[in-house]
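Look at the two complexes coming up: chain A is in both, with chain B in one and chain C in the other.
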Partner chain A sequence: MRKYISRQNLNTLIDKLIAEGRRIVAPRMTAGTPLYEPLGHSGEMIIDQLPRRSAKEAFFPLCEEIMSYEKSGQQVKLTDVDPSRFPETILFAVRPCDAAAIPVLDAVFSWDYKDEFFLERRRKTTVVGLACTTADDACFCTAVGLSPSDTKGSDLFLSPLEGGGYNVESFTEKGEALINSCSDLFAEESNAAYIQLANPQTEAFDLKKVKSWLDEHFEDQLWDGIATRCVGCGACAFVCPACHCFDIVDEGTEKAGKRRKNWDACGFWKFTHHASGHNPRDLQPKRYRNRIMHKFKYYDDKFGQTLCTGCGRCVRICPVGIDIAAIVEEINQK
Partner chain B sequence: MNSQLIDTSIYADISRFIRDESLRILLEGEVIAVVGYAAGRRKGSVQPIIACDTESAGRLMFSQASVNNLAVYLTKAKKEIPKSGKIGIVLKGCDLKALVGLIGESQLKREDLYLIGVPCSGVLASTVHPATELATETIAPKCLECDAHLPTGCDFVPDVALPPQQKSDLKYAVEIARLEALTPAERWAYWKEQFSKCIKCYACRQVCPFCFCEQCLCDRNKPQMVETTPRPAGNTAWHIVRAMHLAGRCAGCAECERVCPMDIPLNLLNRKMAKELKELFDYEPGFEVNDKGPLASFTDKDDQSFIK
Partner chain C sequence: MCDNANKNIYLPYLTTVMEVIDETPDVRTLRLEFQDDNISETFAFRAGQFAEYSAFGAGESTFCIASSPTRAGYIECSFRSVGRVTEELRRLEVGDTMGVRGPYGNSYPIESFYGKNMVFVAGGIALPPLRTLIWNCLDLRDKFGDITIVYGARTEADLVYKRELNEWQERSDVRLVKTVDPGGNSPAWDGKVGFVPTILEEAAPVAENTIALVCGPPIMIKFTLPVLEKLGFGDDQVYTTLENRMKCGLGKCGRCNVGNIYVCKDGPVFTAKQIKAMPMEF
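Let's turn to the complex of A and B:
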């Protein structure tokens, strides 16, 4: 289904959905930082800045309770979290590099173990993608097979037009349901010219070639060369739309507490620290190697997909300037 | 205030001096490696490198994007860096203060190091692209309060004439005064909102030269000392632990604030603690090696008014 919506009507749509009690998540400023957060009204939405963290947290929050316990006398009471109580959510103005990561995450969260927390949120969320007009020199979506107008992962996709407003394309039943719920706000598809989209200046990687090099080079001097400088924080993994490792911790007292699922990162030394004290990834290059291997080899081996959408967030925020696009390019040249 | 360009013309000469000196000390076997800066892929970007050969030493440079405090690579927390011989390191004045602090805390020995000091007019703020020109609006806030443009006590300092430094608004001093004027409830609301953004990536800890604990208190789980979850209680606890542990030690390199992916103004906490230390003990970290910081020693001149 193809339609048109004016910018004003898009705001009206968002406000109407909020008034109906729907949870709307979109880019907004939070204490001075652009993040995907619930909106109070449409005026809070900003679309000209890439949110600092990705949209994955709509399905995979950085911290979530999965169970609680309470002890009284000899009795221990366990209470599960009921995922059916997760709210229906509409994610607005999602960048193509964020939306494209969502089907990539579906693969791992519905693999041998069905992660009901992720999957229930996924079922209840409608993703409204927005074509991207603001790339910088950290962006490399075009190098990993995507583009600023890629509709992968979007239920509805907005393409901005000259003179304001958007052409809207629906790809799923959820997308059509959203249009049909407020059909008076949409008009027939417009013939107006599309706004010039972002144009990341990176050549496409030969991902098959990159993977075949990785297949053979678990041990290679490249890893020391690029990652001795890595300081071992989790910033790259935490801003990544596709990284999905988590840790489960019990926090509380002996009387009561909660079991929580938190984001984790392979850059941390304790990520692979065994209870015995042994750590198979004892030095930082071995940890950084895992980041590249997981994104461009292991995930491909298992699910036939690349675990990177070229959003460039890790490139921008790495404290020591580690540039994953430059590294994959170097491997691509080998 | 209008933005004014800051003269960085000496940085090209400094780059040449750093390369020549690094090549010399590597070739003569004086050091086994030089920790310095090299250009990255993105225009203007700079990243730390550990140069062990002439090829990589030939890439050493310095520019307004040379933001990192490289002293972090010398601590025992960084096991990847060879420690089997003397190490050369490129340092700005602010970085050198941290290194001096590490020597004072018996973490480093001066004789194991070859210090290449950089006469510095300032580096870029974390909020701007690395290819940006240095100006009063794009400079890192710490540089506006810098008293260490010219490092002292180094083995080598490029022979360049440092241009006169421009005076500008002191952003930290102004912001600390603003926060001090708030009521405790307002101040709490401010920090609560800032800490709510924390994602516990620990970038602040990992880049800090003084966070050299081999196992951070916050990584312990037998027993757990601080909630690891990125929720208000755990986030606040972490940032208070961090600020307190750095009091009297932090030399103001502001790396914690620069690297925070969530823009939490962490250096405000450090500067506030430094202000308290200055008022209570007339102490400031500098270029002089002190075996005992003010919070690790007692003299009868210490303020005792808190004893009622």
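Let's turn to the complex of A and C:
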């Protein structure tokens, strides 16, 4: 289904949904930082800045309770978290690089054992993507086979038009349902010209070639060279739309508390540290190698997908200037 | 395999500690019974599988299920107290409640071992992942040929399952070769003195129609594999179990991988042939 919506009507739609009690998550300023956060009203939404962290936390929160425990004498009572309590949510103005990561994450959370914390939120969330009109030096979605107008992962996709407003295309029943719920705010598809999209200055990697190099080079000088300056802060994993490693920890007292699933990062020394003291990834180059391998080889081996959407966040945030796109480009040139 | 649709896959079963056995000064075995009768009846595992054990308030720790699947009604785990969770598990007393998630991972293909001789080679705290299979084989004794167990530890005090070692030693249908490292024996020691690979070579089990199962610290495995090769064992006749730090045990949390192999899903049981094809990341 293709429609048009004016910017004003988009705001009206958001405010109407909020008034109906729907949870709307969109980029907004939070303590001076743009983040995907619940909106109080449409005026809070900002669409001209890439949020600092990705949209994955709408499905996979930074920190979430997975059960609670309460002890009484020798007995323990566990309280389950009921995923049905997760609210219906509409994610607005999601960047194509963030939306594209969501179906990539579906693979790991739904194969074999089903992670209902992710999957129930997934079922209850409608993703409204927004074509990207600005790129910076760190953007490289075009290098990993995506584009500023890629609709992968979006139920509904907004393309900004010259003169204001958006053409709207729906790709799923959820997307159509959203249009149909407020059909009077939408008009017929417009013939106006599209605003020129972002143009990341990156050539497409040959991802098959990159993978086949990685297949043969677990041991290589490259790893020592690129990762000696990595300080293991884990920031790259925390801002990444596709990184999904997590820790499970108990937080509370001996008597009562919660068990939580928290984001973790393969760059941390402790991530693979055995109780015996042995650590299979004892040095930073081994940990950084795992990061590249997981994204461009292991996830492909397992699920046939690349675990990177070229959002460039890790490049922007790295305190020592490690540039994953430059590294993969170097591999691409080998 | 996963009948957990719409369930919280991270929620443990509750068990009661039925027995606490001190194996060594810092290794303890707990016998656990499921508090829910339904789970107690339906919980089925195979030798080689592992579980996530909860000390509520401290977290979870990963160990193999050390008891045999032929012994119904309970499971056992053996662990060394070395961290926050295991210290907390060590404080549990008979009657206390503990959490268990599992069983997870693959298992020994025991049916394919029927009719064969079995050689178990273990060092120190690494006997538990073989003990599950040893009892599994002994409880189905007719299905196997000769059974040899070569087990060593640094000192006599570091040997685990001492009561069972005595039992195996007394059985006529098991050959137990126990050893301690030089200097680790008392005057009364009735076993061998020497490192496991050397003692294995001396014991010289025949390779023909035999499966070897090896568990131990990396250094022991490193020196044991060439001995087995020398004795004529092919890489597909030799099995081991890998351990890497884990959190979920479910193929999601992303830390136990050795290259693109997930120890929690593809393992923990591997043949020497598979191990040799892996990058050095364990």
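Everything below uses one rule, namely that the second predicted complex is superposed on the first by the 333 of 334 C-alpha atoms of A that agree within 3 Å, B and C clash if a C-alpha of one lies under 4 Å from a C-alpha of the other, contacts with A are read in each partner's own complex, and residues count from 1 in each chain.
Just so it is clear, a contact is a pair of C-beta atoms (placed from the backbone, for glycine too) under 8 Å apart; a residue touches a chain by one contact, two chains touch by 3 or more.
From a predicted model like this one, the values you see are computed outputs, not experimental measurements.
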Open item on the list: Touch test for A:D301: chain B only (first), chain C only (second), both, or neither?
Closed with: second
TODO: Could you say whether A:L78 touches chain B, chain C, both of them, or neither, answering first, second, both or neither?
DONE: second
Task: First, second, both or neither for A:T253, with chain B first and chain C second - done: second
- [ ] Determine, under the contact definition given at the top, whether A:M67 touches first (chain B), second (chain C), both, or neither.
- [x] second
Open item on the list: Looking at A:G145 after the superposition, I want to know if it touches chain B, chain C, both of them or none. Which is it: first, second, both, neither?
Closed with: neither
Open item on the list: According to the stated criteria, A:P38 is in contact with first (chain B), second (chain C), both, or neither; which is it?
Closed with: neither
Open item on the list: In the overlaid three-chain picture, which partner chain does A:R53 touch, first (chain B) or second (chain C), both, or neither?
Closed with: first
Open item on the list: If I apply the document's touch criterion, which positions on chain A are contacted by chain B in one structure and by chain C in the other?
Closed with: 247, 249
Task: Complex contact set, residues of chain C against chain A - done: 1-2, 4-12, 14, 16, 54, 56-61, 80, 82-83, 86, 95-97, 99, 217-218, 243-245, 247-248, 250-260, 265, 279-282
TODO: Using the touch rule from the top, collect the residues of chain A that touch chain C in their complex.
DONE: 66-67, 69, 71, 74-76, 78, 80-81, 83, 108-109, 111-117, 218-219, 244-250, 252-255, 257, 259, 261, 264, 266, 271-276, 278, 280-281, 286, 290, 293-294, 297-298, 301-302
TODO: Under the touch definition given earlier, write down the residues of chain B that touch chain A in their complex.
DONE: 40-43, 45-50, 68, 72-73, 78-81, 129, 193-194, 196-197, 199-203, 205-207, 219, 221, 224, 227-231, 255, 258-259, 261-263
- [ ] Under the touch definition given earlier, write down the residues of chain A that touch chain B in their complex.
- [x] 30-33, 35, 52-53, 62-63, 136-138, 224, 228-229, 231-235, 237-239, 247, 249, 251, 260, 262-263, 265, 268, 270, 282-285, 315, 317, 319-323, 325-326, 329
